[in-house]
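What follows is a pair of complexes built around chain A, which joins chain B in one and chain C in the other.
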Partner chain A sequence: MIDVTTYIRPGSLEEALDVLASGEFTPLAGGTDLIPHARGRGPRKMLDLSGLSLDRVTRTASSIEVGACATHSELCRDAVVTKALPLLSKAAALVGTKQVRNRGTLGGNVVNASPCADTVPALLNHDAVAVLVSKDARRKVPVEAFITGPYATCIGPNELLTSIVCEPLEKPTFVSFLKLGRRQAVNISRMSLAVCLMMDGKGSIKGARVSAGAVFPVARRMREVERLLAGESPSKRLFAEAGALAAQLMVKESGVRWSTPYKRPVLAALLERALAEAASGNFGEQ
Partner chain B sequence: MAVVGRRVRRVESLDRVKGVGSFTDDLTYAGMLHAAVVRSPVARARIKHIETGRALRRAGAEAVFTFQDIPGRNVVPIILEDQPFLAEEYVNYVGEPIAVVLASERETARAAAKEVSVRLEELPPILDLLKARRHPRVHLFGEDNVFKHLRIRRGDTAAAFSSCDVIVENEYRTPYQEHAYIEPEAMIAIPHPDGTIEIRGSMQCPFYVRKAVTSVLGLPESRVWVVQAATGGAFGGKEDVPSLLACQVALPAWKLKKPVKLVYDRTEDMVSTSKRHPSWVRYKSGATRDGVLKAVEVEYVIDGGAYSTLSPAVLYRGTVHAAGPYRCDNVKVDSYVVATNRVPTGAFRGFGSPQILFAAESQMDQLAERLGLHPAELRRRNLLRAGDTTITGQKLTVSVGLEETLDRVLEASGWPTGQKRDDGVGYGLSTVFYGVGLGAAGKHLARTGARVIVHADGSVTFSVGTTELGQGMTTVLSQIVSEELGTPLECVQMIAPDTSRVPDSGPTVASRSTTMSGNALKDACGKIRDVLLAEASRALRIPVSDLRIVEGAIVPAKEEGPSMPIDEAIKSCTTARLPLSAEGWHVSTSTSWDDRTGQGDAYVTYAWATNLAKVRVDRETGEVTVLKMWAAHDVGKAVNPTLAEGQIEGGILQGLGFALTENMFTDERGVIVNPDFSTYIIPTAADSPEIVSLLVEHPYPDGPHGAKGFGEQPLMGVAPAVANAVRDAVGVRITELPITPEKIWNALRSSRRVPVTQR
Partner chain C sequence: MKGPQDSATVARVQVSFRLNGVSFRKRVPVDWTLLRYLREGLGYYGTKCGCEIGDCGACTVLYDGVALNACLILAPQVDGVDIWTIEGVAPQGERGLHPVQQAFVERGAVHCGFCTPGFVMSTIALFLETRNPSRQEIKEALAGNLCRCTGYIQILDAVKTAASRLRDRDLKKFVSRRR
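And then the complex of A and B:
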């Protein structure tokens, strides 16, 4: 049974922030993580965000602002997101099931901060910034800094994540997103990789963005790998080196576990594959 | 035949889609209390003290019952009667019931159950099935921890192996498989003022439940009335376990004189209820150069858990199916079910046969490889045909459609036989069989009853003792009744299975409902037909022997002459005060088993099947994608082809879970590590390959309209077909289920590519 003692569904952001000011309420978006938690020792006071219209996608000159309550399904079909942030769209399409994607939100996925959250590696590649507001303040924190550990963030008890601002990458950029799991749906990532290759006019990699989920305690950009790729021409050898480096980083940071003998070579192979897929241009260009 | 053989829609389908249903947790009664079960947190311990004071002080808590409150026998009567209903001196597995707590609300009962403190003196548990067998010090059951040992002795294996050109010997392992039915176990008991007690719940076997409740409460069977509620899936998991739940509600209901409901939550269900037996198999097979299977030696050990429950029967089926559907003159099988300090395992679709068939069919492919024969060719040279004798010495006479299932699959699949391409794609075959019904191990239960009433308005109700579990029994039996009486299908209604309506009809297991209840219904309908035809004969002045029922009318067998609508015949019988109701009864043809040699007519008949899996293996990640599956089953007669195909599709998906992802295990203290659906990975609809279902019909003369049971068979051969396909795809042989990416990756890494025989 869900033992929720107080439930409030405000109709305006101001009202919501007033309630949150007490520091006692947990914001409820899609509930796909929160409600299962609430069956156990989860939160008892909930603030439902569904009346706040926080699900809009807004395009500005230099960035795209995605409302925190945009559902994964919306990210899959929104014209702006699919065109300008194809990685995010692809990652959202791999979350849970249709039912979970219809309820679950981008903001929820980020605040829950699971090491295997599907959208986070995509967001990292877009230098995404979380917009946090409280009754008397508003601040912007890069998603990379926002998530501080497994299931931990720097959000204050009186703060609300209202949107996430993403920077589209300059053209031409080739992307790919790969996910390793144990089945085709309701599939918790055992590994996810988001890759962006920004190309110069001569066929070389001008810059790269490579992020990994479920590989490190916290999803993160692999800047070591990005540096290795920058300035080089795409080649099988280069991508294999990048894969090997990623595997090295994983062992260094996550330590050796029962799954390491398998995961080390598989991460290397998958990153190589993701890079080759991005370079082929098959997956998508933005 | 108008109705039998037709693809009519499942009776419940529309209600299920609309969310209409009377599942146990939908039912409520005035004054009803809720129960929660106090369970052992450890795998083995002596109970020192049970302290209930704190739990009883919680607001809303009503009572706590332990074994001391049981008026009858503290035993769950199944086969060996070694399982207590509530633990007394010892607990023997994590999750074993110790006490039942009652409260006005479910959550209160669950919270109070946590406050019952049980002081335990922990003992070292025995968790490994091979270590448990003949353990020198710990005796969980008898002297050797063996619940049952079965053997087959046929021919002379030692001599036969010496004349074989190839011998393959291997060990195989399979883990638990959890039933993962949609609806967890659930039960309600309602005591009545007349001294009877009514039990309603999710169950396969109302008569088992009745026996358990009469035993625990010390009541005669006449005072315990059991009705099946709509049941959301079972797969064997609701064969024996509901007996436990029924007692967990019946005892407090009886004592407190109030209705009591109990619904397990998912984790509780996964931790404490039965599963497929984990297995260990050592398998040796030998063949001659020309591809004749000469000898098979099998040692088969399965983990029965802390109490024997249905294990001896499970072992029986596994033993009979040990050599696969082949002729083999020299066979030695020793099979054991052992006691461990783990949750009691029990019935699960296939009932001890999927584990051994995984080994047997993996062996066949290895023989084929060593002999340089195509896997289909080796099987064709050995498969059982009419006139052959099984490894138990049973002579097969009719309804042996195995070879046709093989032909149909080969034809439909267009399995390429040319040069093998190095693209990670492979094909894998399995041919399997299924002994229909309970067989000699359960022959005392091999009877079933039915009751049919034709009402004055022409509508018909019928009752049987077997249950609807989602398999489509209600629809199939309604079709049979409609066919027999000429009543339109929409006018035929099944009454929920109820122990007060028909005599003990045995359990709903062993794919037996269509044949057993179908035959009993035919018997009952036949008696009513006699009355109707006699009445029509009088009116039409045509001898009964020249009349038939065709599409709602009684007509002369020869085309000409007067006819009479059924409705009119019914009216006429009603006016004449003739009884249009009858009881039907069916007893299986005899089976036999010699415990010393394992020889006998093990089952009344067999269903047969061929499966072919097409897979792609990712060499870098070890992931297997099942691209397509073909399955042909000899079902005797498909009373409803759509439902038969549904069984095939569902069985394949459940079999793919067993083959590839489902991996429940315990830690070193005997605690199940993954009792939830985020870590126990069952396949989803998105994981289903394209499935080609092929129905083969070699009629079984003793089945209704030629039908045989086969509901379990679709799962049974899936794992070996996949294992064989993986071998074909990337050259590695996985002998332990599930076939995880890690295992394939490791095998690829260590094997350095053993080349697959080219063909």
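And then the complex of A and C:
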């Protein structure tokens, strides 16, 4: 039995925000996080978002706006996302199982804010901004600030996440997304890395974006590593240094835990591999 | 707003949906999953209840033409949806099995049978996307279905066999009118 006392499915955003203004309702997107956790956790009033048409992807001159209710399967398939935000579609392709990707949404992944949410490192590399609306206000918060802790965000009880705006990176940018877990499917990340290398015309790295999931309490950009890479030419030595720096940052921030002897060398090696893969251009270019 | 105006005070919601090609109009409990409603509400026990957290795939149904876990859907969410379960897979009014079921039998892909309905529904969903899937595509499509006895080799072989025999009319009824 799941503790649902009320279910409503409004047909418009206005209606949904009116209902939400009471502060009593829980937004329900794909339910792949919410429903397994709705058992024995106290009663809930569900506000189903599926009637709000929040699943669209739109392209503007400088950015791409992805509707919060776009499913992982849609992110894998959508022509605009696969071309301009290849990291995001790759991350979505690695979520859970076919059944979960068909149902789970980008918005749910971000609002649930698990430290191992797979789309988050990809979004951070694109300077993604969350669009939050309530009955009488609308605000934009960078995803990096939106997620405030493990399973915690700054969303209000009367707010909906309607979309996420991503900035495509200038060309040529080489990307890579690696996810490490215990097995291949139904795989909750032990660690995930999103890497973008923006190249100048002469084969050097003009700038880099590197984000890590499930490494820190909250997924985040590793700007220290990005600074190390900027202006250098790709080499095995450089990438090994970057890996070592990432491992240092992890220990500094998360402290030494039971998993540290495993995670330290693994993070270093994984980042080295992700950077090499990106630099090879084999993984994807945008 | 869909559903009755009094939905804020009652524990049931009126929904219309299609199940295995038949239209239903029912008042469903808001705190039941689709899985429970299929089994205990309508008596369709073919869809199996395994983990109830989306891991095992035993409750996979075809939902508007794609594979979903019925344990992760609330019963009131089915309004307007076209659902197919294992009970509707074999051709109606004819004898015999659907080619996917037949291939599972012939290839020894059924042992205790608990996971089989879920695997069959995931396989049909895969064929609705691609008629000639590679081994990798089959693995990806079935990764959300667990089998604890037969093992996966026979199941992969069964899907290959089914693919080689499938005709358009074997898929026609499963194509959702909503997509």
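Convention: the second predicted complex is superposed on the first by the 284 of 286 C-alpha atoms of A that agree within 3 Å, B and C clash if a C-alpha of one lies under 4 Å from a C-alpha of the other, contacts with A are read in each partner's own complex, and residues count from 1 in each chain.
In this section, a contact is a pair of C-beta atoms (placed from the backbone, for glycine too) under 8 Å apart; a residue touches a chain by one contact, two chains touch by 3 or more.
Just so it is clear, the structure is predicted and the values come from calculations on it, not from any experiment.
Undergrad: With the two structures laid over each other on chain A, which partner does A:Asp48 touch: chain B (first), chain C (second), both, or neither?
TA: A:Asp48: touches chain C, not chain B.
Undergrad: In the superposed arrangement, does A:Tyr7 touch chain B (first), chain C (second), both or neither?
TA: Only chain C is touched by A:Tyr7; chain B is not.
Undergrad: For A:Val266, is the partner it touches chain B (first), chain C (second), both, or none of the two (neither)?
TA: It touches chain B, and chain C stays clear.
Undergrad: In the superposed model, which partner reaches more residues of chain A, chain B or chain C?
TA: Tallying touched residues of chain A, the top partner is C.
Undergrad: After the superposition on A, what does A:Leu180 contact: first (chain B), second (chain C), both or neither?
TA: In the superposition, A:Leu180 contacts chain B only.
Undergrad: Where does A:Cys154 make contact in the superposed view: on chain B (first), on chain C (second), on both, or on neither?
TA: Neither partner.
Undergrad: For A:Thr97, using the defined touch cut-off, is the partner it touches chain B, chain C, both, or neither? Pick first, second, both or neither.
TA: Both partners, chain B and chain C.
Undergrad: Jot down the residues of chain A that show up as touching in both complexes, chain B in one and chain C in the other.
TA: 1, 3, 97, 184-186
Undergrad: For the complex, give me every residue of chain A touching chain C.
TA: The contact residues of chain A facing chain C are 1-11, 15, 28, 30-32, 35-36, 39, 45-46, 48, 50-51, 73, 96-100, 102-103, 184-186.
Undergrad: Tell me, which parts of chain A touch chain B in their complex?
TA: Result: residues 1, 3, 97, 180, 182-186, 188, 259, 261-262, 265-266, 269-270, 273 of chain A touch chain B.
Undergrad: Show which residues of chain B lie in contact with chain A when the two form their complex.
TA: The contact residues of chain B facing chain A are 106-107, 620-623, 661, 677-678, 681, 683-687, 741-742, 745-746.
Undergrad: In their shared complex, at which residues does chain C touch chain A?
TA: 1-3, 7-9, 11, 13, 30-33, 52-55, 57, 60, 66-69, 71-74, 76-77, 79, 122, 125, 140-144
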